[in-house]
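There are structures below to look over.
First chain A sits with chain B, and in the next complex the same chain sits with chain C.
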Partner chain A sequence: MKALAFGAALALSCAAYGQDVAKEIQRYRQMVAEGSPAELFELEGEELWKKPQGPKSVSLQRCDLGEGPGVLKAAYAHLPRYFKDADRVMDLEARLVHCMVTQQGRSREDAIARLFGTADRPSELELLSIYIAGQSRGVRLEPGMSHPKEKASYELGRALYFHRVGAWDFACASCHGDEGKRIRMQELPVLYKPQYARPVMASWPAYRISTSQVITLQWRMNDCYRQMRTPEPDFGSETTVALIHFLNATAHGAPYQGPGNKR
Partner chain B sequence: MAAGPMKMRASLGTGFTDVRVLMTHPMETGLRKDADGKVVPQHFIQNLTVKLNGKTVLDAQISQAVSRNPVFSFRLKGGAKGDKIEVSWLDNHGESAAIETVVA
Partner chain C sequence: MRRLALLSAVLAFPAMADPTPADVQGIMQRDFHPRGQATMDRVVQDGLQRVCTETRDRPPADVAKALEADQLKTIVYPEGSLMGDWKRGEAIAQSGRGLTWNDKPGDPAGGSCYNCHELSPKELSHGTIGPSLRGFGKTRGTGPEVQRYVYGKIYNAKAYNACSQMPRLGASGTLTAAQIKDLVALLLDPASPVNE
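Showing the complex of A and B:
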């Protein structure tokens, strides 16, 4: 009986300890959220946005991100969406590559030559993403959902989220499918449910503290598929855009608060 | 890379001023090796100085235990709207950077 009581007391104190840790992590997250180093990169992204580049030596300032040529305000919050000139749904990064090719006259190979940067030198797309996303602060996430191709993209993303693939038979939902799951201290949000998707999607792209790097949603998709041991997805492909579309549509209505911080 | 951008915000509370400053710095510990296996030399901010209207109010010595691209957040006693706050750092290579802002 005594041993049983002791066991119960131990279980109770462990639960309390777990809560304390979770609370402390919450406090730490709030602290870093108040001053995200991501802001430091917005300035560099702005310079890059205005810098003439490519064979045509023009800047990206006439790039139409969906709100009209050169309009940045609220552009990120309304992506992914259908673009008539490309006849497909694009997310921010796919659209930026499109503008680099069509407006700056660069080859696609050149535009995507260096997708993911390092702590010392973030990539062009990372810096641009941070800057452009920053112009949507406070705007509610409302990706395009009216055009038939937008609806198809959302449905494809939803299907892919649950579709098991690769040598390990993994789907996004294998990790992000049940509540209360975590890897070490990292909680795994159930991203097909709006209450979990909202805070997550409202803070991408972000600064990753453990690697001191700027990370984007295309990177996240790429790395999740790497962790699932599938072949590498094409950058800005229909697949990756569809998943981002599904996630942002699930987070629909959340005021954009990024660029944020990640572990 | 060292003298990259800095950002600062200073907001007035009741009887105090909240200051938050972001700085770009590699903060190398001297323990890391690069891709070729060579040790990356130490490179970190040593001194942090905060001035309120030209008068030093905080003089901090920090070490390589602080993360890359650090964020510092602190409270200064007093302060008023329009006060000038200046933050500067000096690293072990003798490089430095500074930023100033006005309390809002």
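Showing the complex of A and C:
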């Protein structure tokens, strides 16, 4: 009887411990949501946007992100989309690399030399992404869906989501396929369903609290494939852009809220 | 006129249709590059991955049966007892290392078990993609049949459920026979915290 009571008390205290942890995490999230370091990075990104760089010593201020040369308002919310000058669908990061090459005269190798930054030092593309995404706050996500290549990109993204591959046989849907699932304590959004895709896609790129890093969607695709035990996807490739296209199209209509915080 | 409409419908179809798994594979072969131990052969689907992709993980019963029989043949059972040391098994269950492009080849891999399963009640941070395995050995004992089943399931989960989301941890070369034996002990040994 005594043992039973002890067991019950232990079970209760374990449950209470779990709740406390969840409550603490919630409190911390709220705290950082009120003043995100992402705002500081937006300022740094703005400087980079306006800074003359490359052999041509010009800034990116004439870069056309789809809304016209130099127009930042709503640009992020309408990506990925088809660009006639490149004859392909691009997301923000692929487009920025395109502008670095075509306008600043930099080599592609130079433009993508440092893709993913560290805790103390975000990369150029990460800072630019945070700044540009911030100019879409309140704008509904509406990636391009009219050009045949935009439709094809969306279809490819959807096929990739369910495509089982790699040393561990995973698809995106292996983890993001059923409702109410977790990896360890991390809840997994079912990203092919609009109600789950909307809040998630409306907050990328983001500041990641656990690693003090700025993270972008290209990083997210890269690190998911790393954990799926596949080889590495090329940065800004049709594959990664198609997945981002599929996710943003699924989140269609969600007002952009970012750049946000992630755990 | 009707024939023309039909013809244009047929011609338009391939452009609008979803890309097939073979199309997707071709695009991945173009868009991915090898890094570290993650070589390009990994984007080539085997028959099982292909069927599971085509059927969204719900193959017809007869196809599933044939695939499972095929996968069963890959399992290599060591001689003697299949129960190792549950303490080492707990460490293997905790570790999520292995086979990624930034894991050093030759370093011991883990089973990533807690990522998806509840096992020891002491570990609160467990995933829920797979079923809870807490108390797994309590009702099943430690007999040779159950040892063989657990060893086989970890070695190649697809031999028991063709489109399971669980990796083929032995068949993929992630875990060694000794490591799988330690995991069998974690699940079955009466002294293991899983069976508290």
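Everything below uses one rule, namely that the second predicted complex is superposed on the first by the 232 of 263 C-alpha atoms of A that agree within 3 Å, B and C clash if a C-alpha of one lies under 4 Å from a C-alpha of the other, contacts with A are read in each partner's own complex, and residues count from 1 in each chain.
To be clear about the criterion, a residue touches a chain if its C-beta (ideal position, glycine included) is under 8 Å from a C-beta of that chain, and two chains touch if they have at least 3 such contacts.
Just so we're clear, the structure is a prediction, and the values are computed from it rather than from any experiment.
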item	value
Side-by-side fit of chain B and chain C on chain A, or clash	fit
Chain B versus chain C as contact partner of A:Ala119, first or second or both or neither	first
Angular separation of chain B and chain C about chain A, which is computed from CA centres of the superposed model and rounded to the nearest 10 °	120
Which superposed partner A:Gly180 touches (first chain B, second chain C, both, neither)	second
Which superposed partner A:Pro37 touches (first chain B, second chain C, both, neither)	first
Which superposed partner A:Lys84 touches (first chain B, second chain C, both, neither)	neither
Greater chain A contact set [chain C / chain B]	C
Smallest separation in angstrom, by C-alpha atoms, between chain B and chain C in the superposition	16
Chain B residues within the chain A interface of the complex	1, 4-7, 9, 20-24, 26, 67-69, 71, 73
List of chain C residues in touch with chain A within their complex	15-16, 18-21, 23-25, 27-28, 30-35, 38-40, 42-43, 45, 48-49, 52-53, 56-57, 99-102, 114-116, 121, 124-129, 158, 163, 165, 167-168, 172-174
Complex contact set, residues of chain A against chain C	14, 17-18, 21, 148, 151-152, 155-156, 158-160, 162-171, 174-175, 177-178, 180-186, 188, 225-227, 229-234, 237-240
Touch list for chain A against partner chain B, complex	31-32, 34-37, 39-40, 43-44, 119-120, 207, 209, 212
